[in-house]
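The following pair of complexes shares a single chain, chain A, combined with chain B in the former and chain C in the latter.
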Partner chain A sequence: MKLALREMRRRPSRFVTATVILSLIAALLMLLGGLLDGLIQSSTGALRAQQAQAVVYSSTSQASLVRSRIDPDVRQAVEQIPGVTAVGGLGSAQLGARVPGNGPRDLADVALFGYELPPEGVPDPPAAGQAYADEILKADGVTEGMTIQLGPARTPVEIVGFVRDTTYNGQGSLWASAATWRSVLAANRPDAQLAEGVFQALIVQGDADIAGRIDEATGGATESLTVTEAVNAIPGVREQQSTFNQIIGVTIVIALVVIALFFALLTVERSGMYGVLKALGARSGTLFSGVVVQAVVVTAIASVLAAVLMVVLDAIIPPGSIPLQITPVRIVLSAVLLLLAAIAGCLFSLRRVLRVDPASAIGTTV
Partner chain B sequence: MNALELSDVRKVYTMGDGSEVVALDHATLTIGSDEMVALVGPSGSGKTTLCSIAGGILRATEGRVVVAGEDISGYSEKDLTRFRQRMVGFVFQSVNLVPFLTARENLLVVDELGQRRGKAAQQRADELLDELGLADRAKNLPSQLSGGQRQRVAIGRALMNDPKLVLFDEPTSALDTKLGEQVMDLIRTEMKNRGTAAIVVTHDERILHYCDRSVHITDGVLAA
Partner chain C sequence: MFLALKEMARSKVRFGLLVAAIALLVFLILFQQSLQNGLITGFIGAIRNQSSPVLVYSVDGQRVIQGSILTPDLEAAARGVEGVGEVGRIGQGTFTALPTAERLGGASETFDTTVIGYDLGDDGRGLGSPAALSAGRYPTADNEAVASSSDQASGFDVGDTIRILPGDEVITIVGLADDAQLNVTPTLFASYATYEAAVASANPDAKGVLPNVLAMAPAEGTSPEQLVANVNAASPDLDALTRADAEANTPGVSQVRQSFQLIFLLYGLVVPCVTGLFFLIVTFQKANTLTLLRAVGAPSSRLVGSLLTQVALILGSGIALGALLYYPVSQQRLGGIQLRFETSAAIFWAVLLLVLGVGSALLAARRVLAIDPIEATTGAGVGR
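Right after this comes the complex of A and B.
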């Protein structure tokens, strides 16, 4: 092992190519992961922020807010379940918003939520005609105190403050009272307007296992999910995850192949030296662990370089332009996956190391 | 105790087409504990095979191999690896120092791969370098040393584990006559001072007089 590390210190130039290529692959891996995290984050914020043990949809809605309807009698049934401490209605409307100062066709995409139980970081519902806006709407020119107009009916809503990480389907969210939401819906989506007391979903606080009991109590009229389940059930979330994870998987395979080829070549080049060392009493295991150590060091350096690159990239990309989310968890996860690929890649050299014959050191001029 | 006893040793290689090649045929050879023997023969005569068997690198097909009282005939690969760490030293034809290690580190590599005696090994390496006249070259890489100096480092490496038998594979083939004689002189001095036995494989008749006796080998058959 000492020998392997010394070789890297004394002959760094031999490892530069592999380190550069692996740094680029590591950066690609972290970028893909960051984009996935960013996309998922921008699609799911409104539900992730919910402080609830269950999100209740109507049973036929397939966990879609737009399709779901919860009538007052169902709500009443839920409220009476032992272990339920609070129930709040939730409704949404996805609309275009006219922002003063922007062109007439330059609409900001917004998702207006009417709520009763405030999500994390959102204050209690504001007065009628007012809303809190997600801070990503600042990129569309929205400011505090501004009145924006929603939908074809141009319903005015005054922005009274900003909240963070509550986006929905990539759109900036607006958080308003149930009454404001209902009136905006009635004015702009007459086909989808809902009667007083009817919501799209219920946010339920109570015992940790309450989700399972709600559907029983409502006689199958509802489909109750935990917040995590509800987040994953948002249309498109699973598809995005599986697409990105497949690309990430292919990238890891490429890293594995690069490492396998590089160290297989180094091993072929070193077979003369390995023969001598074996004749001097080196075990194959010792020599092979040297290869693994070198691969791990190269990969670790590449991961650090890529992580630095990602942090810089994250800093220079203007907020709201690309949904890139660089987190320590994603960087560490990418590095660990690459290290595993590096070790697996080395296994291709194992047979070659084992096959080096100490007898090759004698009687040859290699 | 004799450094090496070969009794009726045969080495047969099976070729790809199933035919057999006898590289060593009923070789019997005894080398005393501080004897220096030249092994002479044309290329392909079995010198290397004999040397490899005596050094525990190859296993004999038949016969008995005893090195410093230790019968290695039935040893597994693993046993032979440990045996080589403890009992024999090698000086290879092309010197074969590890190119990215200094002279001192090339000696210490033997310890790192084997017994790991730490401080004692470092002390021994320094002593050997001093004896071999390389004390001021300890921190040089092989590329910064002359051919003769490299050969001396290789001799130092072979002596690191205090071997009972040292095998020299054509130690002068890459050196000119004068340097070759210097190196043989050094080998003889080192071996005799330590009382270590040595086999010097060569086809250079000029260096035979440095050895106590010569053994000739032709087509795998030994003749004293």
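Right after this comes the complex of A and C.
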């Protein structure tokens, strides 16, 4: 093992190109993972924040908020189910917001939510005409105390505070009372307005297994999902996860092949040396450990370089251009996957190390 | 040349691993190229392949058709602009739809389905209709529609009927249009009245359906660009775009392109790096042999030729294998996205990667050219 590390110190140049290639692959892994995380986070925050055991949609809505409508009698049926402790209505409206100080065509994309049960990190519903804003809207110039105008009817809404990680479909969210949401919807989207007491969805708190019982109690009028299921039901989320994970998987296989290739070449080059070392008593296991150590070191250095590159990239990418979300978890996960690929890649060299005959040391030029 | 091929035959694992790495990289690049194009086409195909040269949104819509609402005063302002030839209303919504074709064997899978309502005109080819059909005819009455052809297997074929849920609104498919999806969902082009009925069916509380967008054609002597400028000058709340701009400026399209470009750049860099490194190491390992060959009279050009032959063969095999892997995948659907084999993209990447790969091997070629035959007597070779 010491020999392997000494070789890397004494002849770093032979490992530089492999490190550069692996850095590119590690950067690719982190970029793909960061894009996936960014897309999912910006689409799902408003639902992830819900503190609920079930999110209830109407059965024909395909778990889409804008297509769902829950009438008061359905809500009443849900409230009467044993094990239900609290039920709150939820509604949304996606609109353009005019922000004071911005140009007349420079609108902010917002998703206004009317809620009764506060999501995690969101206070109780504010007074009529007021809303909490997701902090992502600060990038559009929204500040606390400011009154913004929503939709073509320019409905005024005062921002009374900020919340975090509640974006929806890539839009900054606003959290207002049900009455505020209903009046904004009626004024700006007459085709989507809902009658008094009707909500798009219900947020239900209670027993952990309540979701299944709700649909039974409503006679199939509802589709009840856990929060995780509701998040995955947002159009595109499941497809994005599956596609990106497949691409990440193939990229890891590429890393494995590249590492296998590089160390197979190095092992061929060292065959004579290994013969001498074996003749002096070194075991195959020791020699192979050296290969693995070198692969791990090269991969670790590549992962660090890639992480730095991604953090810099994340910092310089203008907000709103690419949905990149670089997190420590993603960096560590990518590095671990790459390290596993490195170790697996080294196995290609194992056969050659085992095949080296100590007798070959006699009469060979090392 | 003979030696180059012989060497490759003798070192199958080494060269095989390199071919595998290049093949996987090429496969991923081509797959993602298809994914990018399929995603964008599925996202905005209905805008790209509709007949209206100019689309007028409200600024509030942020260039999303469904997000745009044209109030009566805004509609009047747009219609009154100088240079307007023909105008039609467009309404768009996403609905839950149940295909009811008998051939589906009673299947009850529902789909998120986009309904685009437009003023049909006399022959169903009003502004906003699909620019061309691949089968069937244009709708000429309410509750008839042209569907995006990529969804015909899901129950959106000519003659099939679609029920909008909740409610009893039924739409019959009378034609198909290629690359005509919006928001990566099955898309129906129907009369404006059909769209209004679908909205009322899905939401009984709806009070009046306003058009989302106006489809416009310029009057004779006015260009689409001039018409766009005239509309935008008429009101700061109107946002007119040519068809190409409407397609390119739909939120998400440029982000998708930028994200994929970054990914392509990194994958594109890995291929020449791996190829260059491989042949550099192999050249170092063959140092003594190459020196001996030079000493017995082999010209440098032949050795470099052998090297470049190997590079070209490896890259060619990797690219061909990658394209072969990509072909069956490119015939599939990924969720709502229709992938397809992109011949021009395959040729572009094949040429680019071949040039970059051969270019990266020039470092190894330089080493070969630097061999001095006299070193056969000292044992120094190219590896010194």
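FYI, the second predicted complex is superposed on the first by the 348 of 366 C-alpha atoms of A that agree within 3 Å, B and C clash if a C-alpha of one lies under 4 Å from a C-alpha of the other, contacts with A are read in each partner's own complex, and residues count from 1 in each chain.
Assume contacts are C-beta pairs under 8 Å (C-beta built on N, C-alpha and C of every residue); 3 or more make two chains touch, one makes a residue touch a chain.
Since the model is a prediction, treat every value here as computed from it, not as a measurement.
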{"item": "Superposition on chain A - do chain B and chain C clash or fit", "value": "fit"}
{"item": "First (chain B), second (chain C), both or neither touched by A:Leu24", "value": "second"}
{"item": "First, second, both or neither for A:Phe348, with chain B first and chain C second", "value": "second"}
{"item": "Which of chain B and chain C A:Ala264 touches, first, second, both or neither", "value": "second"}
{"item": "First (chain B), second (chain C), both or neither touched by A:Glu7", "value": "first"}
{"item": "Contacts of A:Thr60 with chain B and chain C, given as first, second, both or neither", "value": "second"}
{"item": "Contacts of A:Val78 with chain B and chain C, given as first, second, both or neither", "value": "neither"}
{"item": "Per-residue contact with chain A, leading partner among chain C and chain B", "value": "C"}
{"item": "Touched partner set for A:Arg283, first chain B, second chain C, both or neither", "value": "first"}
{"item": "Which superposed partner A:Gln193 touches (first chain B, second chain C, both, neither)", "value": "second"}
{"item": "CA minimum distance (chain B, chain C), superposed complexes, angstrom", "value": "13"}
{"item": "Contact set on chain A toward chain C in their complex", "value": "14, 17-18, 20-21, 24-25, 27-28, 31-32, 35, 58, 60-62, 64, 66-67, 69, 94-96, 104-105, 107, 109, 151-152, 170, 186, 188-195, 198, 235-236, 238-239, 243, 247, 250-251, 253-254, 257-258, 260-262, 264-266, 268-269, 320-324, 348"}
{"item": "Chain A-touching residues of chain C, taken from the complex the two chains share", "value": "13-14, 17-18, 20-21, 24-25, 27-28, 31-32, 35, 58-62, 67, 69, 71, 74, 93-96, 110, 112, 165-166, 183-185, 199, 202-203, 205-210, 236-237, 239, 251-252, 254-255, 258-259, 262-263, 266-267, 269-270, 273-274, 276-278, 280-282, 284-285, 334-337"}
{"item": "Chain B contact footprint on chain A (complex, rising order)", "value": "2-3, 6-7, 10-11, 272-273, 276-283, 286, 358-359, 361-366"}
{"item": "Residues of chain B that touch chain A when the two form their complex", "value": "47-48, 51-52, 55, 57-58, 78, 81-82, 84-86, 90, 92-94, 96, 98-101, 105, 109-110, 112-114, 141, 157, 161, 167, 169, 201"}
